[in-house]
Amino acid sequence: MNQPIRVTVWGENYHENSDNDREGMAERYPDGMHGAIAAGLTKLLGDAVEVRTATRDQPEHGLTDEVLNSTDVLTWWGHVRHAEIDDAIVEKVHQRVLSGMGILCLHSAHFSKIFKKLMGTTCSLAWRNSNDTELVWTTSPDHPIAAGVPSPIVIEGQEMYGEYFDIPQPDEQIFISSFTGGEVFRSGCTWKRGKGKVFYFSPGDQEYPVYNHPDIQRVLANAVQWAAPVSSTFQVPSVVNMAPPKFVDTKLNPALNAE
Amino acid sequence: MNQPIRVTVWGENYHENSDNDREGMAERYPDGMHGAIAAGLTKLLGDAVEVRTATRDQPEHGLTDEVLNSTDVLTWWGHVRHAEIDDAIVEKVHQRVLSGMGILCLHSAHFSKIFKKLMGTTCSLAWRNSNDTELVWTTSPDHPIAAGVPSPIVIEGQEMYGEYFDIPQPDEQIFISSFTGGEVFRSGCTWKRGKGKVFYFSPGDQEYPVYNHPDIQRVLANAVQWAAPVSSTFQVPSVVNMAPPKFVDTKLNPALNAE
Amino acid sequence: MNQPIRVTVWGENYHENSDNDREGMAERYPDGMHGAIAAGLTKLLGDAVEVRTATRDQPEHGLTDEVLNSTDVLTWWGHVRHAEIDDAIVEKVHQRVLSGMGILCLHSAHFSKIFKKLMGTTCSLAWRNSNDTELVWTTSPDHPIAAGVPSPIVIEGQEMYGEYFDIPQPDEQIFISSFTGGEVFRSGCTWKRGKGKVFYFSPGDQEYPVYNHPDIQRVLANAVQWAAPVSSTFQVPSVVNMAPPKFVDTKLNPALNAE
Amino acid sequence: MNQPIRVTVWGENYHENSDNDREGMAERYPDGMHGAIAAGLTKLLGDAVEVRTATRDQPEHGLTDEVLNSTDVLTWWGHVRHAEIDDAIVEKVHQRVLSGMGILCLHSAHFSKIFKKLMGTTCSLAWRNSNDTELVWTTSPDHPIAAGVPSPIVIEGQEMYGEYFDIPQPDEQIFISSFTGGEVFRSGCTWKRGKGKVFYFSPGDQEYPVYNHPDIQRVLANAVQWAAPVSSTFQVPSVVNMAPPKFVDTKLNPALNAE
């Protein structure tokens, strides 16, 4: 694909504007978490991507038909306002994924409506916010998502996410994390749903500047390229009323033009 | 588990009562399709199961809290009234599956709300109703679901279901079918969702007496036993706020009583 | 299966008899590691199993045709004498697995000939022997192998095994471990090969009394029951010259007696 | 990767030279089957590949260290001379796959030493040579290997390969075939082994001109691109003696330079 990958970085944009978090967020993420994620992608991928952002507080959460219909890969970060997201928008995102759009669900987006809808499980997990160090180990070397990062990636301050993480068995297990407290977490997982590729990646939190970490930025850039659709048709799988049999009298049906 | 498996056979019970289908249904399935499925299970499993039926036209579709809370394995057949099923009931069934209840989704239940919710995909497929013969080939020999049936199982009259079947990659591919028309279909698939086991099995249709077929009855009986929960606690996975670290100073946290 | 599961516990039996290790082994494992493993199975499973042991230093490594042909589940522990195992015996074990025998490959058996033959990869890993604490977290709740053990299982002294563990993607990921040093390891994995079930479980080492740990004994007992074959025919999959077509003239071939 | 993919097309080159088959082979495959496969790749991929051939009857079966060490993707076709392939060469090919080289195992290569070594199973199947029509259905739309081919691909004359195919559960099921005789076959499957990608594809036989079929050529061209390694380092996974712990006193070990 010589066309740039059209990426939409979606952010909940709540902590950025809440009285409790505004000051710290302005230090860690002066352009918002979505701004930091978008900047990392642009820095690493350059002309290979066209990156824009969209946020919850915009009309239609920033995900109008026009935006969705021109998005190849969507990244999603949300935390405390999942319930406010309009079900009709979630349904449109779901259909777009099934038709081929890639999606990266990040950190606390494990509890987003779109991730739970794609997984079919509770997506619950164990957590503790006590400034653990997280080590992100690669369990799928030579996978494009893990290219160019060390094993482990070291994140000195992080919220802990631990097992049991209630997800379907991943198609591919790319990363598993440990924490200073002794916990483990399947922190990088892929699935295919319909024609779309899904990547869940847990490192990243509003209270820690994880999205400024060069290795984390590299994983996200790799994942955007991995999740880009193969074809540009974006047709959702649908029922086919398959009229004529292919075989008649143990021969190919002569009424068919074999495609 | 020495206790009998508590099975609820759920039926849409529409064709049985529609003017178009009533006569044929009475011949093929005098006790309804749910009745035929239930009878097959009882015949083959005897005291190892307690089987009851529930149908769409009952209050709460027959799936009251009392019924669900005493169901180990649920079988689901629906076709033209999926949209009428109350979302609140579907949500309860979903939670029960995630907490450990097994579920068998049968034939046109590929488009039921519960199956789509568990899969996260469109679950669409190709079909043609022209009295094909279906051959059901085992692709996982020595799997308990395939025990005691020939490969292929031969079904002389059947609706055709064909690929592309829009499902997540199955955890286990138990059966693949071919049809006289030349089509193929992943007709027997398993997944785990939360603590619950899911089996999709396509053979079975209102216009053909497939649920009276001894090999099909055997597959359903096998699948009920396979899908039965391991534990009897039925707790849905949920968030754990994991307070104290397990490791302190590279030692087990002395404040913890190791479970 | 009302018949007891016939288990053969295979041990390398080298450390038990080497000048360097004899004294410590006699304290930790007075009946050998194979003896400890066998005793745990007998204690927990009672009449549900018939357990015997076999060791490298016996004729045919203790795995005569008579022994193999009456084994339902084999457990394998080896460490420094993998290369001495006769290829012809390994081939027989492989055939028996493919025909339905379950196999549990334990700890340093990751480098056994039989495990590498079943996996098709190097099965290499990272390690460090520095008396780490290992925490064994369940990632597949309600799986029969994880029944009755806490998450995590706590092993206070253990060799560290870490990623990258070069194995095919497991069919099921049952356990993931962390270590005080910060490493992670896919410590409990299942695969199916032919008709046989394979479980790899890393906890257990000659220098630490891990096989006396009640939770580890429970996992092994669970795994033996899980790995037991469904049928008792033990026929290895083989080429079928499938003479007559099933379909002729879009009908079932009348020359066939449908099974 | 802007460098061309270095492809080696390996052929058994037996039927081409046997008295029984020489005449027919010369009609169907005047440059040998390996020649036809190589020509298809060059025609479709142009400058994106550098294609050469190697055959059984050459010194070291054409797979010298120099050839293997400059091969990114190997395709393998063999049928009646599997047993003659030198185990030392097979071992080298195996190591090269584990270090990142892609491999396409074609048709009767299901019984090649290298495929069986990668799979760990018998790789046996059912077959009948009676000029069936084969339909190759896509079960993974938008997968790069299935790009640009119809579903089904129609092959008017083909040997039948049917289930049970004794392979490990594929990582991805790309194609499933049906045959006029009623059989089904998992005809396009992927696995990862070590760092290398493996694609098995059954269409293709010495008695039918399948490798001249434009859709089959397209699948092979797609698969070569899919199987190309991500990195160019080609290091086989190996044991790591991981000396210092990452965590000390619940902090990152200060003696470590985090990579």
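Per-chain residue numbering starts at 1, and chain names A, B, C and D are given in the order in which the chains are listed.
Assume contacts are C-beta pairs under 8 Å (C-beta built on N, C-alpha and C of every residue); 3 or more make two chains touch, one makes a residue touch a chain.
Computed from a prediction, not measured in an experiment: that's the story for all the values here.
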If you tally the C-beta contacts, which comes out ahead, B-D or A-B?
A-B
Could you grab the centroid distance between chain B and chain D? Build each centroid from C-alpha atoms only and quote it in angstrom.
36
Rounded to a whole Å, what is the gap between the Cα centroids of chain A and chain B?
30
In chain C, what residues contact two or more other chains?
133, 135, 141, 152, 162, 164, 169, 171-172, 179-183, 192, 237, 245-247, 250
Which of line, ring, star, complete and other names the graph you get from chains that touch?
complete
Can you tell me which positions in chain A touch chain C when the two form their complex?
133, 135, 137-139, 141, 151-152, 162-165, 169, 172-173, 176-180, 182-184, 186, 245, 247-250
Parts of chain B lying in touch with chain A, wherever the complex brings them together:
98, 117-122, 124-128, 130, 132, 160, 162, 164, 166, 168-169, 171, 179-183, 191-194, 236-247
Sites on chain D touched by chain A in the complex
100, 133, 135, 140-144, 147, 150, 152, 154, 156, 171-172, 180-181, 192, 195-196, 229-231, 237, 246-247, 250-252, 258-259
